[in-house]
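Residue numbering begins at 1 within each chain, and the chains themselves are lettered A, B, C and D in the order written.
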Amino acid sequence: MSNDNIEQKRQELDQLNLEILKLINQRAALSKEIGQLKLAQGTNKFDPERERHMLNQIAEHNQGPFEDSTVQHLFKQIFKASLDLQKVSSQKTLLVSRKQKSEDTVVQIDDVKIGAAGHPQMFVGPCSVESLDQVRQVAAAVKEQGLFILRGGAFKPRTSPYDFQGLGVEGLKILRQAGDEFGLKVISEIVTPGDIEVAVEYLDMIQIGARNMQNFELLKAAGKVDKPVLLKRGLSATIEEFIYAAEYILANGNTNVILCERGIRTYERATRNTLDISAVPILKQETHLPVIVDVTHSTGRRDLLLPTARAALAIGADGVMVEVHPDPETALSDAKQQINIPQFREFMSELKGTKIASV
Amino acid sequence: MSNDNIEQKRQELDQLNLEILKLINQRAALSKEIGQLKLAQGTNKFDPERERHMLNQIAEHNQGPFEDSTVQHLFKQIFKASLDLQKVSSQKTLLVSRKQKSEDTVVQIDDVKIGAAGHPQMFVGPCSVESLDQVRQVAAAVKEQGLFILRGGAFKPRTSPYDFQGLGVEGLKILRQAGDEFGLKVISEIVTPGDIEVAVEYLDMIQIGARNMQNFELLKAAGKVDKPVLLKRGLSATIEEFIYAAEYILANGNTNVILCERGIRTYERATRNTLDISAVPILKQETHLPVIVDVTHSTGRRDLLLPTARAALAIGADGVMVEVHPDPETALSDAKQQINIPQFREFMSELKGTKIASV
Amino acid sequence: MSNDNIEQKRQELDQLNLEILKLINQRAALSKEIGQLKLAQGTNKFDPERERHMLNQIAEHNQGPFEDSTVQHLFKQIFKASLDLQKVSSQKTLLVSRKQKSEDTVVQIDDVKIGAAGHPQMFVGPCSVESLDQVRQVAAAVKEQGLFILRGGAFKPRTSPYDFQGLGVEGLKILRQAGDEFGLKVISEIVTPGDIEVAVEYLDMIQIGARNMQNFELLKAAGKVDKPVLLKRGLSATIEEFIYAAEYILANGNTNVILCERGIRTYERATRNTLDISAVPILKQETHLPVIVDVTHSTGRRDLLLPTARAALAIGADGVMVEVHPDPETALSDAKQQINIPQFREFMSELKGTKIASV
Amino acid sequence: MSNDNIEQKRQELDQLNLEILKLINQRAALSKEIGQLKLAQGTNKFDPERERHMLNQIAEHNQGPFEDSTVQHLFKQIFKASLDLQKVSSQKTLLVSRKQKSEDTVVQIDDVKIGAAGHPQMFVGPCSVESLDQVRQVAAAVKEQGLFILRGGAFKPRTSPYDFQGLGVEGLKILRQAGDEFGLKVISEIVTPGDIEVAVEYLDMIQIGARNMQNFELLKAAGKVDKPVLLKRGLSATIEEFIYAAEYILANGNTNVILCERGIRTYERATRNTLDISAVPILKQETHLPVIVDVTHSTGRRDLLLPTARAALAIGADGVMVEVHPDPETALSDAKQQINIPQFREFMSELKGTKIASV
C-alpha cells in the first residue's frame, strides 16, 4: 500500500512542478517587460530596494514548511535568473563571449594571423631589450625558424625600484629596427596609459602584463588604439576576472585581443608559477579570442619549456610565448629562465617533431 | 504613464511571487510526506532517477522565456531545499552544529575545563617527546605557570621516511609519567586506528593531526573512545570540510571534540602557514565545540608566537597551543619554531599582561 | 679508539672552519673595495659576466669530493653575501626598513596622527561615494564616535566594465565637503597617475588599492606628492612584494606611507579573502611604517567585522578600516559587507569594551 | 688607472676563490670521514649540538667585514652540503630517485605494462562500484576499446559521514568478478591499513587516494604487499612531499609504484582542482616511476576531459585515468564529472586521433 501511496503523491508532485514552472515563466515574462520599460526610461535594471521589498513580502506571507531564509534564497535565484534574462535580451552578453560571436577571432597584422585554426604562432624574444645587437641576434634566429613575431620588454615592471627598469622608448626603437630588418612583427609591454601613444608608433602589438591585468585605465586606453593587444592573465586572477579584463578592451572598441595564460600563483614552488593548462580550453569555449601560453613565466624553468609547449599545442593553444636571449646568464632580468639561441633551435626542432603516443 | 505602467506590472509580479511561494511550500510539504513514507520503507531519501525524470518532464513542458537549463537549475534548487528539509526533519542537522545544540560544549577532564567562556587554556609541550628528562623540564615549567595541559608527540608523521618518527608507545609512557608527577593532563597525536587502544591507556586527550583530518577511519575510531579528541584542521582543508571531519567523530558517539586552527597552506612564505584567524569566530558560530589556535605551526616563527596568541585570545579562542622545548636548537624535530623555557616564561608573562589599545 | 678519532678529526675540522672564515672575510673586504672602485666609475655593481667567469674557474679547479654544482652553489652564496655587503655599504638598505630608521613613522595630518603607539585610528566610510546626503550621514556617525578619518570610493576599480565605476571627481568633491562640514580628514582611492593631480586638491590622504599595488607608475606618481599614501596589499602579493611596493613610494620622496593588510586570496571560500593577521607584526618588524587592517575586504562578512577588528588591535595594528553605509542593502557596490549606522555604533561600542580573557 | 686597479684586485679575488675552494673540499673530505666513523658507531649523522658549537666558534672568531649572521649563514650552507655528501655516500639517495636508478620503472601485471615508453595506459571505470551490472557495462566498454585496466571505488573517503561510503568488500568482489569476466586488471582505493589484507585478495593494484597521501601508516602497509600501488598526489601536496610519500612505499620494500597527478587546490573555481600539468615532466625527471594523470578529478568537468587527456599524453604521461559510468546522472558519487559509455567511445576515438598543429 505504501508504494502506491508514494506513487500517487509523486504524481501530485509532478503536477505541482508544472504549475510552478508555468508561474515562474509568467513571472519571467513580466519581469522582462518591466525591464524594457525601465530601459526606455534609462533607469538601472537592478533595483535593490525593490528586491528587498519583495523579499520582505515573501517572508511575511510564508507559512512553511520552508523556513523564511529558504524561500528567500529560492526567490533570489528566481530574481537572478530574471535579471540575467533581461541582460541577455538587452545586449549585455559580453562582447568577448562565444555566445555573442561563434566564429574564432583571427587577429591579423599584414599577412601574419594569430588564432587561425591549425596554425599556432610563436612569440619569441628576450625578457628585456638590452641592446640592438642583442635583439638582432634573436631576431635572426626567429627568422631562421620561419617564424613571424618578436617580443622584448622595454618598460619592465619590477618588484624592486632598484632593479633594471628597461630601456623605455629607446627599447621600442631597437625592437622596431630589428623587426624591420628581419621582417618580423614586434610586441612589447606597456605599463601606463601615458605610454600608449608612443608605443603604437613603434609596435605592431601591445602587451598588457600580468601585474596590470586589472589596471582598468590601461585596459580602457588599450581599447582605444587600433593595434592588437595581448593581455596576460593576472598573477592570481580567476578565469572570470580575466575574461572581464578583456571585455574592458573590447568595450572600448578594440576587438583584436589575444589572451595569454602565464601561470597562476599557488603554494607549489617547484615551478615559478603553476601553469593552468585547463584555462586554455575554457577560454576557447567561453570567448572567441585567440589564446596562447607563455611557457617561460608559467614554469620559470628551462627544462620545462619544451614539455609545456607540447602540452599547450596539444590542448589547442593558438600560440606559445618563449623567452630567448643570446646569453641568458648575463641577462639583466630573468636570467634563469631564458634559453640561448642554440637551445632555441633545439627547442623548435623538438617541438616540430612532437608525436603523441597512442593509447 | 510609463511609471504607472511599471507600478501596475510590479503589483502583478508581487501577486505571482505569492502564488509561487504557496505552491513551493505545498510542494515542500508533499515532498516531506514522501520522505517519511520512504523512511518507513528504509529507502534512501535522495533518488537520482526520480530527480532526472522530473527534470526531463520540466524541460519538456517549458515554453519559455526561461531556457530549459535555467528552469532546470531553479528546480534543482527547489529539490535541494526539499531534500534539506527532509534531512532536518529526520534529525540530520549536523551534531556539531549550533543549530543542534545552542550552548557551548565544555570538555572536562577531572576539574580541567576546555571551552568554558572566559577561561582559555594553554596546551604546552615539546614537538616530540625525546626523553623523560626533557619532558619533565617542560612539565615543571607548565606547572609553574599554573597551567594544566601538557602536549608532546610520540607518533610523529614526518614527510620523509628517514626522519625521526617519534618514540611511539615509549613516548606515551614518558608523557603519562611526567603528567602524573606534575598533576597535568596529557595529550598526544595518534596516526592510525590500530594505535588508539594503547593511546587511551596513557593519555587524557587524543590529538588527530592536520595530515589525518580526512583519515576517516581514524576519525571513526576516535569517535568510539571515551577520551576527548583534539582535531586539527587539515593543511588545506576548508572550514566546511573541517566541520564535517569533526562530525565523523560525533556521529560515532564521542561528543568531546576540540577544534584547532593551525594555519593553512597559501602562496605566502614569510610564515610556515597562514594563520586563518577568521576561522575561529566562524567555527564558534557554526559549531558548539571549543576552538583553539596552534600558534607554533601556523606561523613557524618564534617571533610571532606572542602576537598571534594575543590575536587568538582577542578573537575568542578557547585556548592556545605552543611548543616549548628545553633546548630547541637540538630538538629532533621543528627545531626552529619551538621556544625554550625562559622564553616561555617571558611569553606567558607578556600574554597575561596584554592590553588592547582603545580606539 | 673510534671516539678519540672522531674528536681529533673534529678539532681539525674546527681549524679548517676558522681558516675558511678568515679567507671568506678577506674576500669580502676585497670585493667591497672593488665595489667602491666601480661605484667611482659609475658602473653597475652586479656583473654577471664576471660572476660566470669565476664560476667556470671554480668548476675547472674543483677536485672534489664536492661536485661542481655544489661548490658553485656555495660560491654563489658567498658572491651574494658580498654583493649584499656592497649594497648595505652604499646605502641600499630599503628606505622602508627598520634597519634604516628604528623609530616608528607617525603620519600626521594637522593634529590627527596615524601610527602613534597605543592610539589606533579608525578609517570609516562607504565603499562608494553615491551622494552628498549618503556621505553626510556617515560623516556624522564618524564624528559622533569621536573619530577623525572618513573614507569613500570615487574612482572604483570594478571587475566588469558594466558595473558602477564611481562618481569620479564629483565623488572627491562630496567627500571634501562632508569632511569640511564635520571636521574629518578624507581619503579616497586613485587608480591612475593622471588622476593624482586632481585628487590631491580634494583629499587629505590618497589610497592605492589592492589591484594597483604593483602599478609601479602609480606608485611613483604617489611618491611625488606631499599627501600621505595608504597602500593596500595586493590580492596575492607576498609580504616582500608589498614592502617593495611601499619602497617605490619612499624612493620617490614621499615618506608618509601607511600599509594596509586586506586579506589574501586563498582556496578558502568561507570568507571573501583570508585575513593574514600575522602580516601585521611582520610588517611592523620589517618596516617603520604604520600598519592597519581592512576588516571589511579581508572577511567580506558583517558578522566577522568585530572579531577581526579585535584581533587586529590585539596584534598591534595602528588602525582598522571598516565600511559603513546608511543603507547597505541598496549600496551600488559591496552591498553584502557594509554595516549600517546603528550597526556601526554597536560595533564601536563593543570594540571599545573589548577585554581579553586571561590565560 | 682605476681599471688596472680593478683588474689587479680581481686577480687577487680569483686567487682567494681557489684557496677557499681547496679548504672547503678538504673540509668536506674530513666531514665525510667523521660521518663514516659515526656510521660505524651507529650514531646519527646530524648532530645539532656539534653544529651549534661550530656556529658559536665561528661567530666568536669573526672579525668582519661580514656580520656574524652572514658568516653563520654561509657556514650552515657548507654544513648542509657536507651532510648531503654523507647522505649520498651512505646510500641515502632516495630509492625513487632517477639518480638511484636511471632507467624507467615499468610496472607489469601479467602482460599489462604501465610505464613502458610510448605505450600509455588508460585507467577507466566508475567513481563508485554500485552493482555488478553497472561495473559489467563499463568493463565491456573498456574491453571494446582494447584497453586493459578497470577502476572502481569500493571504500569511498567522503567529506560527510552521511554520504554514500561505498560497498566495501562487496565492491571489491564485484570488481574482481567483472575483471575476470572481461580479462581486465582491476584497481581500487584502500583507505586504512586494516583493509589491505582483504584488498590484495581481490585486486591487481591498490590505489592510495589524495586524502591519504600522507597517511604514513597506510603507505608503510602498502609498501609491504606484493601488488603495485597507484599513489595519488595530495590535495595540496608539494611535488617534494609527493616524492617522499612514494619513498615510504619503496622504503618498505614495494618498488611497483605509479604516481598520479590529480590536480591541486588553488583559488581558481572554474575547475574542481587545478591540473598541475608541469608536475608530470618534473616527476618523470626526479623519479624513475610511471606517472599518470587523472583528468576527472583534476578538472571535475566533462568538457575538459578530452583536452586535458591530450595535454597529458603530449607532455609524456604514462597513462590517463578517467571515470566512466553507465548513467552518470544517477551515480551515487561525483555525478557531474563522469561520462557515460557513448561519451567514452567518443572520447577514445577523439583521443586516438589527436594531431598536434605544427608551429
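FYI, a contact is a pair of C-beta atoms (placed from the backbone, for glycine too) under 8 Å apart; a residue touches a chain by one contact, two chains touch by 3 or more.
Computed from a prediction, not measured in an experiment: that's the story for all the values here.
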Intersection of contact partners for chain A and chain D: B, C
Equivalent interface to A-C, taken from B-C, A-D or B-D so that over half of the residue contact pairs match: B-D
Chain B onto chain C, rotation angle from CA fit, given as a multiple of 5 degrees: 180
Chain of greatest Cα-centre distance to chain C: D
Classification of the chain C:chain D interface as same or different, half of numbers criterion: same
Inter-chain centre distance, chain B versus chain C - centres from mean C-alpha coordinates, in Å: 31
Distance between chain centroids, defined by C-alpha means - chain A, chain B (Å): 37
Geometric centre distance via CA averages, chain D-chain B, whole Å: 28
Per-residue multi-chain contacts in chain D, two or more chains: 236, 240, 265-267, 269
Chain-level touch network, classified as line, ring, star, complete or other: complete
Footprint of chain B on chain D - complex, ascending: 48-49, 52, 92, 157-162, 191-194, 211-212, 214-218, 234-236, 240-241, 244, 247-248, 251-252, 265, 329-332, 335
Chain B residues within the chain C interface of the complex: 118-122, 147, 236, 238-240, 264, 266-271, 274-282, 285, 298-299, 303-304, 307-308, 310-316, 320, 348, 351-352, 354, 356-359
Residue ranges of chain A touching chain B (in the complex, touch as defined): 2-3, 5-6, 9-10, 12-14, 16-21, 23-34, 37-38, 40-41, 50, 54, 57-58, 61-66, 70-71, 73-75, 77-78, 81, 84-85, 236, 265-267, 269
